[in-house]
Amino acid sequence: ALIVDNNRSAIQLPQADTTKWPASFEFGRQATPAEIAAWDIDVRPDGKGLPPGKGDAKTGSTIYTLKCAVCHGAGGRQAPDEKLLGAALVGDTLATSRPKTIGNYWPYATTLFDYIRRAMPYNQPGSLTDNEVYSLTAYLLNANKIIKNNTVINAQTLPKVVMPAKKLFIMDNREGGPEVK
Amino acid sequence: ALIVDNNRSAIQLPQADTTKWPASFEFGRQATPAEIAAWDIDVRPDGKGLPPGKGDAKTGSTIYTLKCAVCHGAGGRQAPDEKLLGAALVGDTLATSRPKTIGNYWPYATTLFDYIRRAMPYNQPGSLTDNEVYSLTAYLLNANKIIKNNTVINAQTLPKVVMPAKKLFIMDNREGGPEVK
Amino acid sequence: AGAVALPINKAVAHNAGTESVGITDDPTKSPGAGPSAVGKRSAFEQPVRKPSDISSRTPLQDTYGTITPSDLHYERHHAGVPVIDPAKHQMLIHGLVNKPMKFTVSDLKKFPAVSRICFIECAGNFRGGKEDLTPQDVLGLTSQSEWTGVLLSTLLRETGVDAKAKWFLAEGSDAAVMTRTIPIAKAWDDAMIVYAQNGEAIRPEQGYPIRLLLPGFEGNMNIKWLRRIEISDEPYMTREDTSKYTYPVKDKIRMFSFEMDARSIITYPSYPQQVNSGWIEIRGIAWSGRGKVDKVEVSTDGGKTWELANLQEPVLSKAHTYFRYLWNWNGAATEILSRVTDETGYIQPTLKQLAEARGPDMGGYHMNPITAWQIKPDGKVLFKPEIIK
Amino acid sequence: AGAVALPINKAVAHNAGTESVGITDDPTKSPGAGPSAVGKRSAFEQPVRKPSDISSRTPLQDTYGTITPSDLHYERHHAGVPVIDPAKHQMLIHGLVNKPMKFTVSDLKKFPAVSRICFIECAGNFRGGKEDLTPQDVLGLTSQSEWTGVLLSTLLRETGVDAKAKWFLAEGSDAAVMTRTIPIAKAWDDAMIVYAQNGEAIRPEQGYPIRLLLPGFEGNMNIKWLRRIEISDEPYMTREDTSKYTYPVKDKIRMFSFEMDARSIITYPSYPQQVNSGWIEIRGIAWSGRGKVDKVEVSTDGGKTWELANLQEPVLSKAHTYFRYLWNWNGAATEILSRVTDETGYIQPTLKQLAEARGPDMGGYHMNPITAWQIKPDGKVLFKPEIIK
């Protein structure tokens, strides 16, 4: 079923005009499957969007040292006297621990793949292969003590990783009104 | 009687605020007579604002040639092939004549004194003495066939000069509504 | 779903089969410039005012919504734009007052402030006569801002005003020492001394550091670089009150036409745009110096039939109001027109109606005729010049 | 009345007795510069955004009224400002649609357009901790514009949307390829794709050539440089949905706080201004992501008593609303505060109320406490830092 719900718009369009809106204005054009595939880079918690390929922590460790450590510190931890461009990526998996890291604050492992692939390394975003991203994801999950050393991360295994912080997240249910929440 | 009519304001100030407005906010200060005199350069049709001094067309003619002709043409008329910075100042006194000049379009002679004193010559406004302005006024009124060659123009005589166009001017009395006027 | 790949630089291509959709100059592939102290327009946008010797016009065909960018606000001045140090600038109120007073700009900013969105329009705003005219050429001497300042009535509470007061003179501190006579009723109504425009100090061309704002009144009366107000029992009959901003009406000359009459213009489609057949949202602005826009009608058949356009809310008094009308163009040559009705019931007239009411010699001030755009079969849009007599 | 003389240059002094009021650099004595294609600010006005590495803040203490000048709109970006050629830019809508579609910027401009004045505010907008903070420092990550564009619902009529749709992903074409998950209800409500800001094309820092506008929602969700929208039955849980823009609430972490809670700030008087005793118009802005400002109250006694402030009309939904309150300061040290109530009945809380509701570890997002300015006996104004725990 298709929803065409122009009437719910909060910016009321006067009836005089909306009544004569055609079914289609015929501006824009159908997108091709190739065009969609080229841009459809997101990954959902259920694994939708994950590409073929795989990786592991050991391979990831090497790539990390080469392409990430300069900004995020050796092993994803900042030495006390370091001031780096990127934040710490590894820390305690205890919810109350700080700094907020993948281990104690990220609710979904898929987010890691999605984010690294689209935005890292900061100075060359979009330059990693999918296998490199899988390995970096595995490396960071392992460094945060979430997966084992030898777990292979791919489209099937990644969505199944349960993050320590997952249980902490709640949706905001505030709707205005006098109560301060 | 003093009018303090804040209630007629079209931009309604909420009562909550206006009720506590003090009689005076005490920002700004009283202006001194010298400060007022320095800026109070306007001249009204009844002569209010005209300074002491006097002038005549003959004296004005010499000043005009020296300080005005370069932009307004010899005698205030533009030769057919001339393109000057200023407009023609002399023309027919017939209401229907064009171009619109002092002779056929200006309703008050006092305006001439006021305008020349404040704004001319264009490249050196405010540089004329009051006597020079009286003479230039006399010269332009005479060139437009409104006063005689030898009339002395001063604070008493200038307001009495009746301009040919005066009788043509009517105040706009339109107030909106459907009629096109 | 097959191989899903990142959009990639050719240089870093890594997933087979995606090179075909490779994007050149991909902005997702390298970080952009950092934050800046003051922003700049995109280099792809170059709106300009098109200056003449004495004025410059707002590019109405390139603007959106109702606010005019401050640096594209139309200009009209009679002796150029003065440079004024706001710390030295003062404003004098004298004449039929109890206590003549001088105010610094900083004094003025301390008084209760008011903000208001309204248009300012030159009384000489209209040009026609040929086909290759843009909305900027035809009607670019109007612009709109959110103005902030103090109500003149607030200052007159400080000076007191004599009961004999009927007019006031406003005077600028430009080299024209520009002056106009204004009815005192406007001071009790909505006249303001404004120091801000669209969130910042008013621009030099708009009267920095302060100008008079007379919502709905002809632009020239909104004296810029304001330095003096004199309260009077008689009008001053300055040059701009009399030899300018007046116009022949049959065998008379009409003066003191303060309010700008209601008018409208279609800004899209307009010259030099070219349109395709199919759905076109006709867009434009409508306004009245006498209050709110009541309605705008659009004709797509050369004025034979008219239909209601939509007005963009909020519809404000004495303000440019955006109107929009959906039209399905069949590709045949036609003319499109707009006409506004304001809250007083005044309907924007045709040039013919104006000529009948005022005579053929009516001159160039307060000319607010309905204007038309010709749509050619190839989609080219041209202004429709009209000739009287 | 004695000799009335022109104000004069010393050089051309001609009337005895007026030299004493001679004005130096008199702008009435020589013509100024002619009209220009694009205006510039007066050299006496230098408002700036004060950039950091990742953001720049609107100088709220230097702005007037409700519109933020486009070049002073706050910035927050995660990988810099991309340079985008509008002729090459395209936007894709796909996912749970009947017909996935691509639109050029020119396509988008053809659809029925809407203009709307509203604020955009960063969800991390609040800084405290020391006394020498300006409104720009404390709360400068909020700005307001008149935006023009097409309703997202208008585009979704073209693509059709599946009944299973619950969310949509919006993605930018900056080097962060920024993404957020947004409830589909917002698309049916008032989400827009905007191409214009304050009458001109949106500025590069604001997403040129197009951005998503989600009136009232946290700034980061209003994806700039928009290139893709995917309709979905599940949220995407992007990095900015989860590890950013979320905050501890007692033993939980709250996510998906879309609406910006009502807040207000006094912008005058504020640090680093200095005031005199006597009448002071306290001024500021108030807003709510959930609708209109219902009322603003001001306290001039450190929060003991509160009085109603005036609101500048028109009060628009999800818009910065100017408030003003007249205060006669007796010169004694005190604190001034403002608090807003929005149309849902929500009252801006104190920091203490927030800490009680959320726990002491509540973090920096969606923090909208009442803030106070200290007025010292010498008229100096300082921010009042508050500490929880």
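When the chains are written out, they are named A, B, C and D in that same order, and each has its own residue count from 1.
Keep in mind that, in the parts below, contacts are C-beta pairs under 8 Å (C-beta built on N, C-alpha and C of every residue); 3 or more make two chains touch, one makes a residue touch a chain.
The structure displayed is predicted, hence computed values, not measured ones.
Over half of the residue-numbered contact pairs of B-D are shared by just one pair in B-C, A-C or A-D, which is A-C.
The distance from the centre of chain B to the centre of chain C, each centre being the mean of the chain's C-alpha atoms, comes to 28 Å. We define each chain's centre as the mean of its Cα atoms; on that basis chain A and chain B are separated by 73 Å. Computed from the mean C-alpha positions, the centre of chain C lies at a distance of 25 Å from the centre of chain D. Looking at chain D, residues 28-31, 79, 110-112, 114, 175, 177, 279, 324, 326 sit in touch with two or more other chains.
The set of chain A residues touching two or more other chains comprises 11, 13, 17, 21, 25, 27, 35, 39-41, 118, 122, 125-126. Under the stated contact rule, the graph of chain-to-chain touches falls outside the line, ring, star and complete shapes.
Listed by chain label, the pairs that touch are A-C, A-D, B-C, B-D, C-D. Across the complex, chain C is touched by residues 11, 13-14, 16-17, 20-22, 25-27, 34-35, 37-41, 49, 51-52, 117-118, 122-130 of chain A. Touching chain B in their complex are the following residues of chain D: 1-9, 12, 14-15, 18, 20-21, 23, 26, 28-31, 278-279, 308, 310-311, 313, 324-326, 328.
Residues of chain C that touch chain D in their complex: 25, 27-45, 47-56, 62-73, 75, 77, 79-87, 110-115, 146-148, 173-175, 177, 195-196, 198-201, 203-205, 208-209, 225, 279-281, 283, 312, 314, 316, 322, 324, 326.
Contact residues of chain C toward chain B in the complex are 78-79, 92-94, 98-104, 107-108, 110-112, 114, 116, 151, 153-158, 160-163, 165, 169, 171, 175-177, 179, 188-190, 227-228, 230, 232, 234-239, 241-243, 246, 249, 251-259, 290-291, 317, 342, 344-347, 349, 353-354, 356-358.
The touching residues of chain A, when paired with chain D in their complex, are 1-6, 8-11, 13, 17, 21, 23-25, 27-31, 35-36, 39-46, 48, 95, 100, 102, 105-108, 110-111, 114-115, 118-119, 122, 125-126, 165, 168-172, 174-178, 180-181.
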